[in-house]
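These notes are about the structure you will find just below.
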């Protein structure tokens, strides 16, 4: 499927999605409540078969915290980018997709470690790189007076 | 009071070339024995002889250990396209001595919660085991500290005692790697002891004796590896494999598998205690190579070819000690070659190799050899 | 000496936990594996990473695009050149710059040389993991020859920093073509020796066949890419699926195996070495003339938007995800590193095997720890 | 035979190790850093106890070893006299090995030779 | 019967494969000419690094103790790690004009990652890489270097 068909197909799965044709990939913005449902459908629907989550990145958008999922189908070779964001910076919580794509297990731990986004139903949500005394360094408001030299 | 190898040696007569007399160490030792008797009582003679022999063997032990470490480093370096040690002395020959001094002056770290007594006992056991084994090896005609009538069995038994040291070292270190290494080592020795025994049995059938001097003497007209046709050769190969395994050398160095268990049973040993394990490993290698040389390759017997009188004459000219050392080092070189070529086996494969391949082959081999001897087909 | 208590509870109740790493000969780099054992058998593995977490993604947010390049060198330092290329390609794609053929071809040759030396190093270390120490020296001996080529052209041996947005830092050295050709000639003779030493070896076969099986479905789900994924039959070669640089003009096979065990991963890499040599040979004689870099503005600013570029490093798919807000610094950079996903599969494929197998499997995954930690 | 000489070698070996250890103990430096005395576990403190029951799975091998090692020792005297005794010894050993071989085959078929 | 043949085959092929491996190592053992090791400190004299080797950043001076650095600070800007620090001063040129020039070009070797951005972006080609690679020192302070030599001047004609 090309981008347009794919966009229509995703629209048919769920309404009120913000679908944008990016420069490279089709970008779909999903509200956090619908994320897990949509992800599962994208993985399992015969026409989509997005079986390869090739990138999962947490992004601090300033006001919101978000996660970007790059999905690819190894069968049809089409790509879609799912984006979801939560405005709760204190206790951000999203659904885990670790049971849909096993690679998300580690990637979500990384996002939790560096951005502090908690993932519901994650099998083993611990910090990955840093120990518990650290803040969340990839957030834009992270301040570290000792290790970062401001010029 | 020296071993009764004297009985086996022919008395020097005019028909024997002069070098044969010189190369026969029994006359020398006999002379020393006799002259000592002239000066002191038999008791003190024994004590003096013991001292001389003890010190000589100790020196030999240390020199062989140091030389083998150097040789190993050079051999592996050349196989790996490297130069190896080349700084201390010409071609780095004093490198191991320098290393020895370094190890001697290094700290002996007492490990927390380790079983101190066993921890210190382990190096004693490995060294004593190898030391007692080296005593029974005939280096040349008459150059023989003890000549037991069960020589082969004795060397096998005593050298296998070293594994107790390895087990103790692993167990007492309070280290998980060491413990696993020790357990592996136990399983390994337990298995490979069999193959060593059976492959030697194959030759004992030919020789008809377990006394090492007799075995060597029986190879006067040809080494057993040639005399015994294919079974002897197979026995030699099996002996090589299983003795490599018994000395914990690669590709069977599971007890100290570097990439898995860091250093296995001697992980916690430092300084000179580690050096003892290191030394014992090389001496054990020397012992099994000596056994292989003695039992299969004719010990200090020169290489003779049928009726080539001139050739045989030249071969006789080479001293027996050189023959013995040459053969031993050939076997040691083979073992080094194995180590620096092959990847390491896994513990279950190690046991599979023993129980499913070497043992059945050995059993059949013994039967074939017995049959050959029965039929008188051997040379 | 005080009396020590020796606890003798059955092993089902008590875990025998052993730490492999961070200071362990077989975990290349500072990876810590917490291994629960039952006898010699591995029950489960918990990887602990982060010992050399350097915050490259955070650092990237405060430096300019040309400066990012030198940081990517330090992620997967064995295939540094390909990492550089990923960032450069992404920046060039965002700026919509046409890259002359010369640059593309040189980049491709350098990438393949990088892949070759990476696989040589891997072969060396894998052989050492399995206890064949000689492999290590042969592998490194041949790798030095490629590093010499790098050093002559780029000035660095491992950390090349040869790419920059818009082209290359310098033109290739006049000796480059001759040296590469000499090397290919030399290595075509040496590679069969590798086979004799390790590939055909019966001990090696026993150690690697059927060990650490990874099915295709699991490989895709775990995001295992590179030779590791392709050994499981997962066609994931970015060079084929999304050709970049000059990969669309060369003929090469995507190495696919279906067994998915350690031996397949081994063979996949050995085959890739042959393929890399083929690719280099196709390109080395006809490097087009032209400039070695496109004139760029002194300050590179990416238009607002999101850019994603995938490249095939020696270990798998490296993705560079740049979010730009129009400034000279990126807003967010995410490196999708291949080793990160490859590591996550370790527990899945290695549990149930023995410690020695764990070492073999870990070696066959070819993990580079700075790439995981970033 | 001077089998008592074995004691000499035992003693020389023991004295050798002992003297060198004592010498090294005198000349070698001593550290006071308590972390140095921790058992090595890749730079991480050991978790749990080291000395717990450890399943190596060689129980069956130990049993088999016992059987076969005793057998080997029995075969040694046979091997010495094989040449002189001739046919009778040969037939005896065939029977002996046959029974042993059956034992090995049984163990093989029962998968006792697989390391668990 | 077949299993016995397979069993024997296995042994023979196994031994054969091992022998092949031994052939490789053995052949190297008997060919010491292939040894690649260099005796490093003793071959210092013939050890020539490649021209482009990035040993450390230097500022070439000519025989009149002149360099090309104008003190523009582009290298300092371009350095990703803050390796370079330029301390400038104001000098009065011969024709009486006030002009900015470098006082000290400080280079911290310990922080340098050899990315070559400073050398590449320098508008007056004042910086270059030297081929020196023996950087080990006992004191870290020695790794902070001042690139311009004392008393050096800007080369004529470089703006």
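By letter and in written order, the chains are A, B, C, D and E; residue numbering begins at 1 in each of them.
Rule of thumb we're sticking to: contacts are C-beta pairs under 8 Å (C-beta built on N, C-alpha and C of every residue); 3 or more make two chains touch, one makes a residue touch a chain.
Because the structure is a prediction, the values reported are computed rather than measured.
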Components of the interchain contact network lacking subunit A: one piece
Contacts common to subunit B and subunit C (chain labels): D, E
Contact-graph separation of subunit D and subunit E, given in steps at minimum: 2
Identity of the most central chain, Cα criterion: C
Most widely separated chain from subunit B, with each centre as the mean of CA atoms: A
Pair of chains with maximal C-beta contact number: B-D
Chain centre separation (subunit B, subunit D; CA means) in Å: 16
Where subunit A and subunit E are represented by their mean Cα positions, the distance between them in whole Å: 41
Computed distance of Cα centres, subunit C from subunit A, in Å: 25
Set of subunit B residues in contact with two or more other chains: 79-82, 113, 176-177, 180, 184, 262, 340-342, 347-348
Set of subunit C residues in contact with two or more other chains: 4, 16, 18, 24, 40, 134, 141, 197-198, 201, 203
Multi-chain contact sites of subunit D, meaning residues that touch two or more partners: 41-42, 46, 51, 54, 56, 115
Touching pairs among all chains present in the structure: A-C, B-C, B-D, B-E, C-D, C-E
List of subunit C residues in touch with subunit A within their complex: 49-50, 53, 55, 57-58, 218, 220-225, 234-236, 241, 305-308, 310, 317, 319, 321, 323, 332, 334, 336, 340-341, 343-344, 348, 373
Complex contact set, residues of subunit B against subunit C: 76, 79-82, 113, 115-117, 176-177, 180, 184, 250-251, 253-254, 257-262, 340-349
Footprint of subunit C on subunit D - complex, ascending: 41-44, 46-49, 51-57, 115-116
Parts of subunit E lying in touch with subunit C, wherever the complex brings them together: 13-14, 17-18, 20-21, 23-25, 36, 49-50, 52-54, 78, 80, 113-117, 120-121, 129
Residues of subunit C defined as touching subunit B within the complex: 1, 4, 16, 18, 24-26, 40, 127-138, 141, 197-198, 201, 203-204, 206-207, 354-357, 359
